[in-house]
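First chain written, first letter: the chains are A, B and C, and each begins at residue 1.
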Amino acid sequence: MNLNEPAAKIRTTYREALRMALREALQRDDRVFLMGEDVGRYGGSYAVSKGLLEEFGEERIRDTPLSESAFVGAGIGAALGGMRPIVEIMTVNFSLLALDQIVNNAATLRHMSGGQLSVPLVIRMATGGGRQLAAQHSHSLEGWYAHIPGLRVLAPATLEDARGMLWTALQDPDPVIIFEHAMLYNLEGNLAADAGAVEIDHAAVRRAGDDVTLITYGGSLGKALQAAEQLADAGIGAEVIDLRTLRPLDSNAILASVKKTHRAVVIDEGWKSVGLSAEVSARIMEGAFYDLDAPVLRVCSREVPIPYAKHMEEAALPQVPAIVQAAREVLHRA
Amino acid sequence: MSLPQDISIALLHQMLRIRAFEEKCAELYSAGKIRGFLHLYIGEEAVAAGIMPALTLEDAVVATYREHGHALARGLSAQSVMAEMFGKQEGCSSGRGGSMHLFDVTQRFYGGNAIVGGGLPIAVGLALADKMQKRNRVTVCFFGEGAVAEGEFHECMNLAQLWKLPVLFLCENNLYAMGTALSRSESDTDLVTKAASYNMAAATVDGMDVEAVYRAAQEAVGAIKHLGIPYFLELRTYRFRAHSMFDPELYRPKAEVEQWKRHCPITTFEQRMRDAGLLDDAQLVALKADVAHEIAHAVAFADAGTWEPAEQLERDVYTRQVSGA
Amino acid sequence: MPSLGADMEAGTLVEWLVKPGQKVKRGDVVAVVETQKGAVEVEIWEDGVVDALVIEPGTLVPVGEVLATLHSEGMAAASPATQPTSAPRTPAASAPPTAAAASAERGRISPAARRRAQELGVDISKLAPSSADGIISIADVEQAAHQIAPAVNKQAAMRQAIGAAMAKSKREIPHYYLGNSIDVTHALGWLAQENTKRSVKERILFAAVLLRAVAVALKETPELNGLWIDQQFRPSTAVHLGVGIALRGGGLVAPAIHDAQDKGVPEIMSTLADLVQRSRSGGLRSSELTDATITVTNLGEQGVETVYGVIYPPQVALVGFGRMVERPWVRDDAVQIRSIVQATLCADHRASVGHRGALFLTALERLLQQPERL
């Protein structure tokens, strides 16, 4: 019997970690409530809010009609009125119907009113492809939202972040959008039993290495780590950075790593053109140009609407071999 | 005419004040002092003037880009609005918003929205917060009849009625959404039937008659506060000037404009007050002088105002700045 | 010319509706102006008398320019009918000239490499890229600076690869270890006898005897000879003995002696000698590097008595031989001086159990007592 046992861990999933975060928020703060399509009776389209209606009641777990613009805007208004709403938009694909409220109201009200108004709203959305749901259900538009001043954009890729980002986001007086990659909901792993809130301002080094920096976020983190394993077998030490916050980007973390390794590959499930990977690449060019031993390469989705057939979808999305190949290229060892 | 004198005087004063303010804005815009877009409320003053007295300071107001009259009637000072129009940092939105984005959180005046229909969800949310926090307050949401075509209108009407939220939906039907007549954009121009389709209590009001507006507002707000339901009012009105300054009004005949001018809310109310013995020439002159003085002072205040330093550009994008980003 | 819209820069005067000398009141429409959106009526904001109509109909006039003058009744002072607009546009600042990037005379060089070259005092015009993409990189610069043969850099890479493989081995393979002290006095004697019959070039080293003994012993415990692939042990009928060979400069390779089960001690010796020579000159074939089904290491050269090894994945066993030592040994009820070698087996517990591993070592010991039979 080891008397000095480390902190107890529980075996759980990303989905359950999100649910724990929601329960904690609803329990700790009466102003918090969850609003969205099928979050109550259905238990959440991804089962994240399962059981919450029974536990917290209809006032705090609100099933909405299919009215994205109205209920996102209502979330903004409720936040203005002193509540702490969590609005769940089923997926980023449907968020386009609420873009006006998000971009023209949530993001602007503080600045446009000269600092008078605060919108402490949290919006959660599922995102990403990989489940053969075809073009209209497979978008990765985190880059679009990360483009808008006034918004904070987060991408939890681990169980700790799924558990811990929500509370911190709710404390923020400004609108925060949390993107949950749909392929992560089933991710299983160990989580400290006393896991709680985490900070939301910095990226994290998920694997240390000296030869090349792999920069990614959300659903692509797993692929980047797999690529790093394969590169290690070939004697290449890859450092993997999980961005965690997409707006603001943690430039310090990105640049510190690239200055050490001299080489960078950005992995982003969004499309390459005019996207988040272009922003990261530009920042590296601006901040670490003289440290680069090769141009920054990007591994992104191909410039196509995401197709349905499995092999086509796989060809369209970023995959591990492409990441490994890109890493070899920046090492001039392709 | 059955309103007491003090209320009648107050209503007339408010309408005169709004009219004078708007006319001055037109002049200043032509002179280049006010820039961007300018949407004037001239002809529609009875609506804002008649609705606001039914509200307390605890209630909330959401309006559109044609909101100067609403802002003034709600309690924003003419000088803070004028300074905002000029873009000075003494303006109610620190010069950040301009004509279309007047905000004053102390008056619970939430804009000032430039997207047609964009304010309705916010109003629904403010009402939701009140209901959830068990505060018996009303959120008044002004919008034009053009917004009735937007999806947001239908989503919000449905949601407010479904969740029994204390919203007063105020549709100012001035017959034209910019250049498009209502009859050319709505399959059913009887707007209260739209409210009925959502099971919502509704009424139509002559928006050129400030007394009718006043009474309808009292009744609607009372219903909302006592019954805990939303309410829809259609106010039939008309704007005497173009949609905005840059509008040659090719879409409506001059004769129609002249016809409506004969129903000017100010002159008709003035006459009714005179007929009821509630107003004489001296009082009217005094009212107009008071208004002129206030407007002149507001212009001087705006002229003397200062420009926000450009170094402050990034202030108030976020509450919390994160270093290293 | 009044400003009638956010993006209006100029308007065309279409017609005057007043004449000089005419009295006008605030709010009167005095002219019609054509804009992009259509004709707009222009009103006047003051009371007065029209002085002069400055602009002719049909003229395009910028916003702010005087259209007409008027004076207030009783005075002849000219005042503009419209007020001039505010601040004129500032000219766009001309873009600063871009710094001309100095280009390398020969080939393209990365910014980091260029800076490193500066730090190390390397003349980049003398550099050539070593990679297929034609870009001079940090590695090229550092190599030139330190004047080290490329082989050394390759060795660094090799060390890294070995390290990675060893780390993976220890992570994934459940190693167990067994050891045996083997009396090889007799075998050494036998070998000395054999070598008297041979020329110096054909001399057999004891290592070859040990290797052959391993190959034969594996017949009795085939679960030590093969590869662990896809969660399964795949035994090999052939014994491709990987032999650990130290390289000068600190590298290590373990090329295979193919089909050691069919090669006698002399043939194993000649193959071994050939492998060692080609290892040191860099002439190994890829099949030699990838085909080993078991590895034997540390044939007494390094001077340690016992070898605790690390299995090369995907193999499932590694046999280690320590150096030969003279030891007092009990034999025939007397203490004698015998030549003793420590043989160790480390094996993958997923493919074999300790009992089987022990059988291998005892077989090995038994075979080495009868070297003439190998």
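Assorted remarks:
Please note the rule applied: contacts are C-beta pairs under 8 Å (C-beta built on N, C-alpha and C of every residue); 3 or more make two chains touch, one makes a residue touch a chain.
Everything numeric here is computed off the predicted structure, so don't read it as measured data.
Nearest to the common centre of all protein CA atoms is the CA centroid of chain A.
Across the two candidate interfaces, B-C and A-B, the one carrying more C-beta contacts is A-B.
Put simply, the chain farthest from chain B by mean CA position is C.
Mean C-alpha position of chain A lies 26 Å from that of chain C. Per-chain CA centroids place chain B at a distance of 64 Å from chain C. Mean C-alpha position of chain A lies 41 Å from that of chain B. Within the complex, the chain A residues that touch chain C are 232-235, 237, 262, 289-294, 329, 332-334. Across the complex, chain C meets chain B through its residues 2-8, 35, 37-40, 45, 63-64, 82-86. Residues 33, 59, 62, 64-65, 67, 69-83, 85, 97, 100-101, 104-105, 109-118, 149-150, 152, 172-174, 201, 248-253 of chain A are the ones that touch chain B when the two sit in their complex. Taken in their complex, chain C has these residues touching chain A: 110-115, 129-133, 135, 137-139, 157-158, 160-161, 163-165, 168. If you check the complex, the residues on chain B that touch chain C are 27, 29-33, 35-37, 244-248, 250.
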